[in-house]
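Next come two complexes, and both contain chain A; in the first it sits with chain B, in the second with chain C.
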Partner chain A sequence: MSAYIASLVSVIGINLILALSLNIITGFCGQVSLGHAAFYGLGAYMAAYLAKLGAPLPVTLLAGTAMAGAIGIVVGLTSLRVRHDFLAVTTMGIGFVLLGFVRKQKWLGGELGISGIPGPGLDAVSYALLIVAFAAAVLAFSLWIKQSWMGFTFDAVADDEDAARTVGVNVSTYKLVAFGIGTALAGTAGGLYIYFARIILPDTFDFVQSIAILTMVVIGGTGSVWGVFASTVVLTLLPEVSRAAADYRLLIFGAMLMLVMRFSPGGLAGLLRKPA
Partner chain B sequence: MNALAEIDDLHVSFGGVAAANGVSFTVERSELLALIGANGAGKTTALRMVAGILRPDRGRVLFDDRDVTALPAHARVRLGLGFTHQIVRPFYSFSTIENVMLAAGYARTASPWKAITSRSRMAARDKARAILERFGLGAQAERSPRALPLGQRKRLEVARAIALDPKLLLLDEPLAGLSSAEATTMADLIRTLSGQGITVVLVEHNLGEVLRVADRLVVLDAGKVMAQGAPSDVMARDDVRQAYTGVV
Partner chain C sequence: MLFVELVVQGLVYGCMYAMMAVGLTLVYGLLRILHIAHAGVFALGAYMTVTVANATGSLALGFLVATVVSAIAGIAIYRLAYQPILHHAAFVPMVVSIGLFIVMQEAFRLIFGAYGIAFDKNPWYVAHVNLVGINLTYVEIAMVIMSVVLLVGFGLFAGLTRAGIGWRATVTDPHMATSFGVDPVRVRYVNFLFGSALAGIAGGLVGLLNNYVEPTMGGAVSYKALAIVVLGGLGSVRGTLIASLVLGVVEAFGAIYLANIFDRDAIGFLFLIVVLMVRPQGLLGRG
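Up next is the complex of A and B:
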């Protein structure tokens, strides 16, 4: 595997973890989040900070995961008070607040971010394979959730929260669990990213990144694990195979989002599904 | 406490208007109790407070020897206090049988840990299928609730509540919007549930069916209990006839 392929595989793996983790919150549990990149950033900053202090990879990854998950649960508390578009705007605002905070922290490098992050102790190919292993684990975990009673219950919460309460579902707890799992996994992606990039900048985790992750979920089909898998791989590779796609990435993503919303709100998975 | 539920001095106001103004009554085990009254009398408000959907400003709800006033609706459901909405609320993204399955597997959804470690849906599917057969919905099991007429969706709502093995079932206008024949079928079904040991509290405007199936009536007027007792005794009272029908 060449260094270029290893790099590409690493990016696909990280994007898969991000998209699948958002799919747990938005696709499975129906809680729209427009600030997912903030948790990716929280995991990255936490891991980078500890890595610079000399902490080994397992510790930095765990800390990044825990940090993002803990803040994610706090943010999830907002989902208990607001729903739908109000929740979307709230999560977007929280993303701005977290990013704005990081930009002003000198100890986190401010606008310049954190550079000089030590390597993972693995060569590029081995590290790419480690990322793939994590992405595969998140994929398997997503499939497990989907087929378990947790997935069934998430579907009910996404469909109608009040009706879910009538069948004894503690809606608040399930929503917090979805936020906790999804944001923690975004933190894991952040932790993996720092050893790949070796430098992190606040812009990497901005609103545009949140929308890019959401695009992967929506185009794949919210709630569909394999649909999100396919769209993430395609949308990550698209800028690589076409220079024009790279230059007009945002424009293309935006246009695809609009087309999917207009012609197939169920995304790729919706297109393949038989009509009821 | 011999009664299954004791509703004690419930008060609630909306914008200064008292919707419940000291509602008190008891629900005996295995009875079919009907809450009746004119529009705005506070029937649905009282039922929602018993179910835990609405928090009273004052008063308490005792259920099965336990004060459940502070418990949210989902926790009361798990204690055996089931309820159905006035406007049917099936999960439209589920099939008919999946609607009942989720309720039938309530032990598996008691906590996220139990839910994530449980995968088999066989037992819940079998239980749900048996309940749907009982409710005359067996042939509709795999159809979307959207495809069901209102009468069947109302039955689905009650079937889903029954799958939770409730001790007390609160039904909010289950006959509303049904044709005369459908209303009779549904009322018979509710009577059957009561005969099987499930205590039922019914809020209903269809007085004819109520009088046919209820064991006891509680009449609400302006947020207060005006009368209660056997249907024939209650309906013989002039003040009840005046308040409820406008006819003395």
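Up next is the complex of A and C:
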């Protein structure tokens, strides 16, 4: 594996964790989040801060995961308070608040971010494989959730909250669980990212990134694990194989969002399943 | 004196937010869509104003073109992007709206360049008056006057004319209004026409205010307008107007007193989240 392939594989792995984790919140549990990149950033900043202090990789990863998950549960609490439509705007707001906070903190590097992050202690290829292992674990975990009792409950909450409540589902608990798991995994992705990039900037975790993650989920098919898997791999590789796709990446993302929603709101997975 | 200055500055920004947020509230009230692409219309208005004003030398012509083009763009957005997918869950139109917003923003970047355009002639940018010790530029005054005139005009239209009453009836109860002979589709067109024209004018004014028009200028303003719509209690025009002014003032103060902790954009959303924790239905929303 050349260095180029290794970095490509690393990026795909990190994007997979991000997309699959958002899929748990938005796809499985039906809670729209427009601020997923903020939790990615939380994990990354936490891990980077500790790594600079000399903490080893397992510690920084765990801390990043825990930090993002903890804040994620707090955000989940807001999802219990506000109406469905409000949630999109609230999660978008959380992203702006967290980023706006980080930008002003000198001890977090402000606009310049954190640089000079120590390496993972592995060569690039082994580290890429480590990321892939994490991504595979998240994939397997997603597949497991989907067919588990919890997955069915998520489904019920996503479909019709009131009906779910009527049959005795504790809707609030499951929403919090979805937010907790999804955001914690985004934190893991953040922790993995810092050893790969070795420098983090606030802009990496902005609203555009949140939308990019959402794009991968929506185009693959909200809720479909394999659909999200396929669209994440394709959308990550697209700018690499085509120069034009790299220049017009956002334009293509935007156009795809519109077209997919217009003709197949179930995404690619919905297209394969059956003509609705 | 700083206190009064911050209040005035906040109200000026609040007027601008109000022009943006009213359009969003109307779209939400009627169709339950979070119309994020409204930001694209705002930027479109700004680009139309600056290109036409620079080409012809007439600012008035610039605003006229901006108003008309924005209104047409709004109608086109409804007809081409939203109408075909209205029967889907709210998530679908929202994602379409995000996609459309990104496409518009990228289109501006490709057509007008990434670095932004300034007005060749912008005398109002520097000319100012001194009102009881507070300096206000002509652009800021124009912003306040324009928004008051337009919003009052809009209020009279909604309150007194036949079309306005039909519109309000449709927002309150679409089925009932339809059975009384109001054409709901026409109401939607009127809705997008007005809301988008307001956004376009607001865009032109913000372009003048900063003397700078750039592809991403719609972003921050419209995200905050969305926050305002939620703050006001989705769909409530009165709540939206109050929330706009409140948010403008909160931001003006926050940008000074919280400068070391949060940036300007974060303060608006922080306020939103705090309010939602206390009043999940928004400032004036019904539970």
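Going forward, the second predicted complex is superposed on the first by the 273 of 276 C-alpha atoms of A that agree within 3 Å, B and C clash if a C-alpha of one lies under 4 Å from a C-alpha of the other, contacts with A are read in each partner's own complex, and residues count from 1 in each chain.
Heads up, the rule we're going with is that a contact is a pair of C-beta atoms (placed from the backbone, for glycine too) under 8 Å apart; a residue touches a chain by one contact, two chains touch by 3 or more.
In this text the structure is predicted, and so the values were computed from the model without any measurement.
A.B. asks: Which of the two partners, first being chain B and second being chain C, lies in contact with A:F101: first, second, both, or neither?
C.D. replies: In the superposition, A:F101 contacts chain C only.
A.B. asks: Contact-wise, after the overlay, does A:D155 reach chain B, chain C, both or neither (first, second, both, neither)?
C.D. replies: Only chain B; A:D155 stays clear of chain C.
A.B. asks: For A:F86, is the partner it touches chain B (first), chain C (second), both, or none of the two (neither)?
C.D. replies: In the superposed model, A:F86 contacts chain C only, not chain B.
A.B. asks: Between chain B (first) and chain C (second), which, if any, makes contact with A:N170: first, second, both or neither?
C.D. replies: After superposition on chain A, A:N170 lies in contact with chain B alone.
A.B. asks: Examine A:L112 and indicate which partner it touches, taking first as chain B and second as chain C; both and neither are also allowed.
C.D. replies: In the superposed model, A:L112 contacts neither chain B nor chain C.
A.B. asks: Can you tell me whether chain B or chain C touches more residues on chain A?
C.D. replies: Touched residues of chain A are more numerous for C.
A.B. asks: Using the touch definition from the top, say if A:T78 reaches chain B (first), chain C (second), both or neither.
C.D. replies: The second partner, chain C, only.
A.B. asks: So in the superposed three-chain picture, is A:V218 touching just chain B, just chain C, both, or none of them (first/second/both/neither)?
C.D. replies: second
A.B. asks: Let me test your reading of the model: by the given contact rule, A:A140 touches which partner, first (chain B), second (chain C), both or neither?
C.D. replies: A:A140: touches no partner chain.
A.B. asks: Does any part of chain A touch chain B in one structure and chain C in the other, and if so which residues?
C.D. replies: Residues common to the chain A contacts of chain C and of chain B do not exist here, since the sets are disjoint.
A.B. asks: For the complex, which residues does chain A have touching chain C?
C.D. replies: Touch residues, chain A against chain C: 32, 34, 78, 81-86, 88-90, 92-94, 96-97, 99-101, 103-104, 207, 211, 214, 218, 222, 248, 250-251, 253-258, 261-262, 265.
A.B. asks: Which part of chain A faces chain B closely enough to touch in the complex?
C.D. replies: Its residues touching chain B are 144-145, 147-150, 152-153, 155-156, 158-160, 162-171, 173-174, 177, 276.
A.B. asks: Going by the contact rule at the top, pick out the chain B residues touching chain A in the complex.
C.D. replies: Interface residues on the chain B side: 53, 72-75, 77-78, 82-85, 89-94, 98, 101-103, 105-106, 108-112, 114-119, 121, 144, 160-161, 163-164.
A.B. asks: Quick one: in the complex, what on chain C touches chain A?
C.D. replies: 28, 32, 34, 81, 84-85, 88-96, 98-103, 105-107, 110, 219, 223, 226-227, 229-230, 234, 259-270, 272-273, 276-277, 280-281
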